[in-house]
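Below, chain A partners chain B and then partners chain C, in two separate complexes.
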Partner chain A sequence: MTQAAQSGVNGRPLWRSALVPVLLFAPCVLVYAIFFIWPQASLLGLSASDKAGLTLDHYGRFAGDSYYWDILGRTLGLGLAVTVITLLLGLPTAYVLARSQSRWAGFLLLLTTFPLLVSAVVRSFGWMVLFFKDGLVSKALQSLGLASGPVQTMYTMPGVIIALAQVLLPLMVLTLHGVFKSIDRDLEYAAMSLGARPSVALWLVTLRLARGGIVAGSLLVFSLAISAFATPSLVGGARANVMATAIYEQTVELLDWPFGATLATILLVTVLGLSLAYGALIEGREKMEARP
Partner chain B sequence: MTIAWRSPLGLVLLVLCTIAFVYVLLPILVIVIAPLGATGYLAFPPQGLTLKWYQAALNDQRYLTAVMVSLRIAVASALIACVIGIASAYALTRYEFPGRRLLEALFLSPLILPSLVLAVGLTLFFTRTGLLTGPWRLIAAHVVVCTPYVLRVSLPVLRRFDRSLEEAARNLGATPFQTFFLVVLPVVRPGIVAGTVLAFITSFDELVLALFLAEPGTPTLPVTIYSAVQLGFDPSVAAVSGLLIIATFAVMLLYHLLNALRQQRN
Partner chain C sequence: MDIVLRQLRKTYGSAVAVADLSVTIPQGKMLALLGPSGCGKTTTLRMVAGFIEPSAGSIHVGDRDITALPAHKRDTGLVFQSYALFPHLSAAENIAFGLRRRGVAKAEREQRVAAMIGKLKLSGLADRLPRQLSGGQQQRVAVARALVINPSILLLDEPFSNLDAKLREGTGLELSRLQQEYGLTSIFVTHDQSEAMSIADVIAVMKDGELQQIGSASEIYENPANRFVAEFIGRANFLPGRIVAKDGQSLEVALDAGVTVLAQSAETLQPVGRAIALLRPEAIVLVEPGTPQTLTGRVEAVSYQGATVYIHMCLADGTLITCSATPEASRRVTVGERIGLLPVAQRIRLFAE
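Showing the complex of A and B:
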């Protein structure tokens, strides 16, 4: 593509023209090789070895114990619930912000995505204050007649789901906002001028066209939800054990690093599988869009 | 407007949208407002009105130290990530070679890696090799998670950059270095600044890597807040968090105002 990449331009030998890109890539490649690939490889190695050599014992321990299957199941359930909530609230929010002609729309989008800049620790803390026995959530449920006594939402799975969905909702809104913005509004007009009711046009045209973006956003939120640590650890505590908190417990508290590495590898493989699906999907979409 | 907001469908959309706004902003407002209460425990809505918890937070040496630790680590991580990220982003957009897309995917992959997985791997790695000491272990970890943000923001900006400007500079006799610093850099600067700011915030807010890799005795701010919250609901922890939220909001507003001003001037 560039002149410098082709050999012998301006009479310079190939190795001279390759020198600049190699030097430009060198720092990044070095940092990644030492502090990313090497540690991940040794993590994999530790999860599949003991003092005697290679073994799959740690994976066998995971597979043979229903306690760990429960944790994995709870983690995936958390991911699913959080994805559904963020979709339900994210779709209308992103659509309204993308289609609104108000001069405030930009500011409102900024306000919705602002929580992304605040540490998840702080946001989970906010939910802890709301969830505690005499907190606002409990009082609201009682005044609505939905509960007779104080409700404890802290240290429960529903509490973790509500808090984590709030942490990830801005990301869903941001993804879907971009998707809706890229869909030509004239297509909706066309559908309606051909007699479709607005709801039908929204269903048949807009959501159909946004399908790829919706799946992409869902996969993103799902993989972040199953790897989240701060929210499950603070809001859920020991009773809502998920993969991330289990890994922390095995390593920092129980000092069983090989088994912690095994759990980490299982989480990594799950997330990697999801993101490969994500990549394939994006690629497929690009090919579809590139088609004339 | 496609959908009449007063129609039933429009109203449903607006109601869901309002719920989403309240839902997203409520816990943040709680943390800013709750420490204003005069009670010795955190309550929302707060009872009474006092600034003593905010004052206590500002005078608490523990939090001040933690803020300084976090600032130092975030500045170092963001600067290193910026330099190595921009160098790679520039090379990725200027040179065509086999495996370029693979390299780009590798550079972006820490974005999807659970930070807990990276933290466990890095802790094992540092204990075994004894590499790096003091804050540099955490900085190295943060550079890995921050560089993808720099790349993600600067790659599209560099791709959009008009190559003919570069060629013109070269034809007029500028060296490649001069071309990069005098022609390319000023044009793509907003993208670079945005990427570096994002990297800074990512490092400043990061909890998991800091839990595993921070120097014993000098925890970062998120780790300090995390530990304090687990011990109990001291209103001064909420006040520190509240100050953090207010500062973040002010910086975000300033950033967007400056951007808007610059666009107006152009």
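Showing the complex of A and C:
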């Protein structure tokens, strides 16, 4: 027995077996350390210092100015709206595609990912064509009698929300599709045979089991929506200012790097905090339900 | 309650999954739908459960036509092949699921769940999640969940295929006992003939969506309706030959292997024509080589199975044949030896070639 413990796996010494996962892990860790952790750390340092040394002045400037609070609020609202819309559209789509026996199901799933294949700039110009005062959306609303005059969706928050929901919907659909595929359909049938109508079976079994995936998809879409830059700046313009565009403005246009770094840090901390809280909330409920 | 399937049919495009199946299962009896995969047995069960809509025909339980009734109103107890236990609910909550849907009050619900847990020997496991249970325990939870709602019919979809061989027989007998205790009319889907024979009252053999034969285990084994049934149920030797005469129910067949035997047939066969004779392993008696009216075979292998020993032999023309013997008789047999084989006339069945 001691012989086996000393010789490790396949007769190789233990330290060598332990080294393998470390070596496999190392390249990824290295890339992350150089290109993610280090810049983030220097950003944090930049936001909390000036020529004199450590300071919280930049954060004070943010806290004292309602203009920036509005931007943060608008950004979180944008994230929430996009998440809700993609969930509402993505859940039924992913469910139907996952349960479909049709040979077209695979092709249709591929179709839903098409927006991802188009560059953000091209896509945004497409939205411009639709959203301008004399664009398709405006004309359609007028001819349906839903609007009395020309409707400008370009350079408004609703425009940004619609455009972002469109590009992030595939990510929601793909995430949920995988989750629904992994849930055995017989579980729904079992619930029905026990007297649950199909909608109840869906709620008590399928959606309940898909909860982890719904959380993952929501967090993915939310974090991508609030950090999106190209779509808000092209479709939203100056009137629909969000954190990402504000950071760009500070660093590239006003060259105020410390304050740009401050905004970036605040955005990062907010996202991190919300994600952890959301995850903990779901996990907590899970634990509570496991103990009847 | 009786279950009656009338001209039940399911087609997918031009493919026929179930072709005009008509079966009546009397109150309290268990029907086994037996056949190879793709024979339509599972499709039939799922039509009865209400998950698949029939293309034509009707399903009746008692005096109710349930063909158009949605699954959740059918009042069926269903045990799935995968058990389909809700992974996020404990064993007790799985069992209580159907009672909750029926709005059974808490006190009665708890009492009925506890009674089921006792009955299926699940005491002490009530709070476990399905993944913390063994295969046999999961299967018992699935059975308890199906029975606790006092269903009007019980449907079983290959309920033993995920259990190991030793557990399978005991569980089968246990399930058959529960089914009788509750007086439940049931349908049981399986591809395993020994499972079907040991627990079902009636066996329906299916192939390519069509019913081949329906009857008790002994009827199907002893008087198979066609060659497929004969081959699917039990071990079978097939020897080709020529019908030379017909005498009432009996046909005289000159087997190509060299003997002439008397045989019965469920099909209408006329002399003179080619036919194929079924000889079950126990329908062949071992005798001294050279005895008149016998075949001669060379012993290739002896396979000891406990109560029975199968002796595999090769005839002069190369045909392989298996016969059964008692362990005592088999001790006199050695591999390579030549033996006389006497077919037992009353037990030979004949089919069109």
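In the analysis below, the second predicted complex is superposed on the first by the 237 of 292 C-alpha atoms of A that agree within 3 Å, B and C clash if a C-alpha of one lies under 4 Å from a C-alpha of the other, contacts with A are read in each partner's own complex, and residues count from 1 in each chain.
Just so it is clear, a contact is a pair of C-beta atoms (placed from the backbone, for glycine too) under 8 Å apart; a residue touches a chain by one contact, two chains touch by 3 or more.
Model, not experiment: these values are computed from the prediction.
Trainee: After the chain A overlay, clash or fit between chain B and chain C?
Mentor: fit
Trainee: Counting residues of chain A touched by each partner, does chain B or chain C come out ahead?
Mentor: B
Trainee: Mind working out whether A:180 is in touch with chain B, chain C, both or neither, as first, second, both or neither?
Mentor: Neither partner.
Trainee: Which holds for A:35: it touches chain B only (first), chain C only (second), both, or neither?
Mentor: Touch status of A:35: first partner only.
Trainee: In the overlaid three-chain picture, which partner chain does A:222 touch, first (chain B) or second (chain C), both, or neither?
Mentor: In the superposed model, A:222 contacts neither chain B nor chain C.
Trainee: Quick check on the superposed pair: does A:192 touch chain B, chain C, both, or neither? Answer first, second, both or neither.
Mentor: After superposition on chain A, A:192 lies in contact with both partners, chain B and chain C.
Trainee: After the superposition on A, what does A:259 contact: first (chain B), second (chain C), both or neither?
Mentor: It touches nothing on chain B or chain C.
Trainee: After lining up the shared chain so the two structures overlap, which partner does A:208 touch, if you call chain B first and chain C second: first, second, both or neither?
Mentor: second
Trainee: Please give the nearest C-alpha separation between chain B and chain C in the three-chain superposition, to the whole Å.
Mentor: 7
Trainee: By the touch definition above, which chain A residues appear in both interfaces, chain B in one complex and chain C in the other?
Mentor: Overlap of chain B and chain C footprints on chain A: residues 189, 192, 198, 201.
Trainee: Show me the residue ranges of chain A that touch chain C in the complex, using the header's touch definition.
Mentor: These residues of chain A touch chain C: 184, 186-187, 189-198, 200-201, 205, 208-209, 289-290, 292.
Trainee: Show me the residue ranges of chain A that touch chain B in the complex, using the header's touch definition.
Mentor: Of all residues in chain A, those touching chain B are 1-2, 4-5, 20-21, 24-25, 27-28, 31-32, 34-36, 38-40, 42-43, 46, 88-90, 92-93, 95-97, 99, 101, 108, 110-112, 114-115, 117-130, 132, 134-136, 163, 166, 169-170, 173, 185, 188-189, 192, 198-199, 201-202, 223, 226-227, 229-230, 234, 244, 247-248, 251-252, 257, 260-261, 264-265, 267-268, 271-272, 275, 279.
Trainee: Please give the residue numbers of chain C that touch chain A in the complex, ascending.
Mentor: 49-51, 70-78, 80, 82, 84-88, 90, 93, 97-98, 101-102, 129, 145-146, 149, 155
Trainee: Quick one: which bits of chain B touch chain A in the complex? Just the residue numbers, please.
Mentor: 1-4, 7, 9-10, 12-14, 16-17, 19-21, 23-31, 34, 42-45, 83-85, 87-88, 90-91, 94-97, 103, 105-107, 110, 112-118, 120-125, 128, 131, 140-141, 143-144, 147, 176, 201, 204-208, 211-212, 222, 225-226, 229-230, 233, 237-238, 241, 244-245, 248-249, 252, 256
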